[in-house]
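First chain A sits with chain B, and in the next complex the same chain sits with chain C.
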Partner chain A sequence: MVLRAAVLGGGVLLLEILCRLGVIPRFTMIPPTAMAAGLVALLRTGSLNRDLFATFTAVATAVGSSVVVGVLAGMVVHAVPRVRRVLDPLFATYYAIPIWAFYPLFIVLFGLNEIPKIVIAFLYSVVAVIVNTLNGLDRVPRVLLKMARAYRMGPLATGTTVVLPSAAPFIITGVKLAIAYSLIGVISSEFILASRGVGYRLSFAYLGFDNVTLYALILLLLVCVTTINQVVYAWEQTLLRRWGRR
Partner chain B sequence: MSGPEGRQAHVVLRGVTRFYDGAAGTPRVHALGPLDLDLWRGQLFSVVGPSGCGKSTLLELIAGLSRATEGEIVFEGRSIKGQVPDGIGLVFQEDASLPWLTVWDNVAFGLRRRGAPAGEIRRRVDDALRLMGLRDFATAYPAQLSGGMRQRVCIARTLVLQPRLILLDEPFGALDQQTRLLMGDEVLRLWRETGATIFLITHAIDEATMLSDRVGVMSARPGRFLEVVETGWPRDRDSRIAGHGDFGKLTAHIWSLLREESLKALGYGPAFQ
Partner chain C sequence: MSMVAPHRRRRQGRAGDIVLLIIVLGLIWQAFYQVAGDVALTPPLATVGYAVGLMSSPDFWPNVRATFAAFGLAVLISVGAGLPTGVLLGLNKLAGDAAEPVLVALYSVPKVVFYPVILLCFGIGLAPEVAFGVVNGVLPIVIFTTNAMAHVKPIYLKTGRAFGLTGWQLVQTIAIPAALPEILTGVRVGLSLTFIGTLLSEMFAARAGLGHMLINAMQLNSVPRIMSLTLLILVFAAIVNTALIVVEHRVSGRGAEAQLDGAG
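Up next is the complex of A and B:
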């Protein structure tokens, strides 16, 4: 933890010095302290609130729906080996498909609103959840399934009280990926075409050579994603410690 | 149904046979039987046999986890037909503790499933933890315990449901010799205190001889009982019975029955016998 902070702090300090000395031109990048000051100023104006709300509502919707659909789909695919044999090659090559290329199609289908970017983010993240759910279900010890039968548990009770908790560490890995992929999906969609959102503001600053706003927004995203990731990571570590895997 | 000396049959097996479907294009596998056995109420009965003779298959049939291809198994006067009847508790060889639950919650698992009142759950779980010497570990997670203690958690989880028939499938197979001996003493103590009938599968002849009232010696596949050996031990016994003069004779007799079958199971011909 200390080493991680030292490496991060050292990197930031080096960047600060290089920017201040002009080794990195200000036109390319601004010093980290200027990014932080820009972010504070931006947040103080309150002009970002509407965009933050739009982006993080879309991300939360995409993560929530991809986790629910992904876990359920994973359970169904796991229960029907024939379906799994058909879908496995698709899962293996899925991320080679440029999903956001379908964004214009979704705008035509759903209009220029929140739905197309949620759909893109969902499509980005759902397969990660399915694949990790399948990994988790594959590793449920057979003896636990026998134990469930010994307690005369039906398929639903076995699924909810034995199988899913047993597969939880893998499902959490899927959730972590879903958060990252959903954020990529939403921000990149907003960057391409949107009327609001952090991605839209990034695109606006990028096209207007407004480096202060651009890097302030990048810093904001970095802070948000790192915080979310650390919370999920801490949860995952707690579970893994209980499981005896750490 | 009553047997010799007024013993009451708790489980009755008649002509029990189990076949498994072979892989595509191969004949079906005759795994077990036909078997006949009367398991007396309150007795501790062990089964020993060569690897692959169908010991665990037999346990699963009695438990109702799988169905006999032919024959019938009757528990407390009712036929077992592919579902675990009420009153039967199982302990497996592998660690079946639930890693996401504390020891206390693991032991309470079955009672909660049954919808027992909270007060009753608390009382029975605390009793089971005390009985198994786990009271100080109630809030620990299984990963924080040794293999032997995890197995005790599984036994406590079974005992808390107060089963009348306890099926143990090589429960000490993964433990070291000293722990196994001590766990054997635990089983004997629990057996005396609960009055349950115990059916134990083991690959260890000394363990079977030490713990049991009767030892069923099985042949190589398809598993049949070659002989059921009466040990004649007093009910109040522990692992020190291994120092009894008859202990060596009994284990030697069981091994003499098993040796040829074990060679067969390993694929050795008569030249090795």
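Up next is the complex of A and C:
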């Protein structure tokens, strides 16, 4: 932990020195302290609030819908092996597909608003949830299912008290991926074409050669995404510990 | 001999499943077309026709070549830099522990965030395309390789040491072969992301390439062109990915057999 902080701190310090000495021209990159100052100034003006709200609402919607749909679809697909056999090649190649190629299509279908980017983020994350749900369901110990049958539990009770909890670690991996992929989906879509959002502001600053805003936004996104990842990681560890799996 | 028949039947079943999948996807596509109409979509069969027409047009192949020049270079750099880094990080526990969380955090950051930085550093042309491909593709290769190398069963390494292998010999003959299936998964994911990165980069700042054609078609709002280009890109991505999966299965199958032999 200390080592990691030291490496990271050293890297930032090196970047700062290189920028200050002019080894890296100001036109290419501004010093990290200037990025931080730019970010503080930008947040003070409050002009970013609308974009932050738009981006994170879209991400939350995409995560929520892909987790719900993904877990349900995973259970259905798991229950019908024939369907699963047909879908397997799709799942295997899905993440090789450049999903952004569909973005213009969704803009035509839904208009230039929040929906196309949510749809992209949803499509990008839902398959990860499905695949991880299937993985989890495959690994439910047979003895637990036998036990449930011995206690004459119905399918619903078996599902909620036996199957889901024992598949949960895998489903959580799916949720983690859904969060990362939804962020990527929303911000990338905004960068390509949108009317608001942090990704849109980023592309606007980049097209206007506004380096201070550009690097302030990059810093903001890095901080946000890393914080979200750390929080999710901590949450996962707590859950796993509570279930006594680690 | 008796082993051949069920194997072949299974393979035929798989091919049938894939055909069925394509038909179902085609039907969904057609249904979308019925809802949205010509403004947004072209129907599946017509799109295949456009795609064939596009492939025989003279301006298509130079663009394909441009994309593959960038993609090829990016793959060389991603794999060439990613594999050794992963191997070193995996072997050195301290370095691996320090680097892995940072790498995983970077992996989940949307890479477009770095796109402006790359343009500012590399200008416009082939260099930023390659660089953006590498930024997308190198991380999964490093992460998967690091994990694979770090989780080679200690008993394999002990056996190797008992036979007097040292240093690089141990890595080359024991650790890398044992980690190979996972490393290949990383390479497959890395290649897909490199391809996506190259295409995305071509969409914003390039003078040629499939991504450039795609963004041009979007700006001209030429629906048939968008659809047929998308189709060709998808088919290409699917074929490459499937080929890599087959290689992966071969390799891990070999590993499993070796383990069985050892057990017997």
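In this text, the second predicted complex is superposed on the first by the 238 of 246 C-alpha atoms of A that agree within 3 Å, B and C clash if a C-alpha of one lies under 4 Å from a C-alpha of the other, contacts with A are read in each partner's own complex, and residues count from 1 in each chain.
Please note the rule applied: a residue touches a chain if its C-beta (ideal position, glycine included) is under 8 Å from a C-beta of that chain, and two chains touch if they have at least 3 such contacts.
The structure presented is a predicted model; accordingly, all values stated were derived computationally and were not measured.
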item	value
Contacts of A:41 with chain B and chain C, given as first, second, both or neither	neither
Between chain B and chain C, more extensive residue contact with chain A	C
Contacts of A:168 with chain B and chain C, given as first, second, both or neither	first
Partner chain in contact with A:95 - chain B first, chain C second, else both or neither	second
Partner chain in contact with A:149 - chain B first, chain C second, else both or neither	first
Touched partner set for A:76, first chain B, second chain C, both or neither	neither
Touching partner for A:17 - first (chain B), second (chain C), both, neither	neither
Doubly contacted residues of chain A, that is, touched by chain B and again by chain C	none
Chain B residues within the chain A interface of the complex	63, 65, 83-84, 88-90, 92, 94-96, 98-100, 109-110, 113, 141-144
Chain C residues within the chain A interface of the complex	13-14, 17-18, 20-21, 24-25, 36, 39-41, 94, 97-99, 101-102, 104-105, 107-117, 119-121, 189, 192, 195-196, 199-200, 203, 214, 218, 223, 226-227, 229-230, 233-234, 237-238, 240-242, 245
Touch list for chain A against partner chain C, complex	3-4, 7-8, 27-29, 85-90, 92-93, 95-98, 100-102, 104-105, 108-109, 180, 183-184, 187-188, 191-192, 199, 202-203, 205-206, 211, 214, 218, 221-222, 225-226, 229
In the complex with chain B, residue positions of chain A that touch it	141, 143-144, 146-147, 149-153, 157, 161-162, 165-166, 168, 239, 241-245
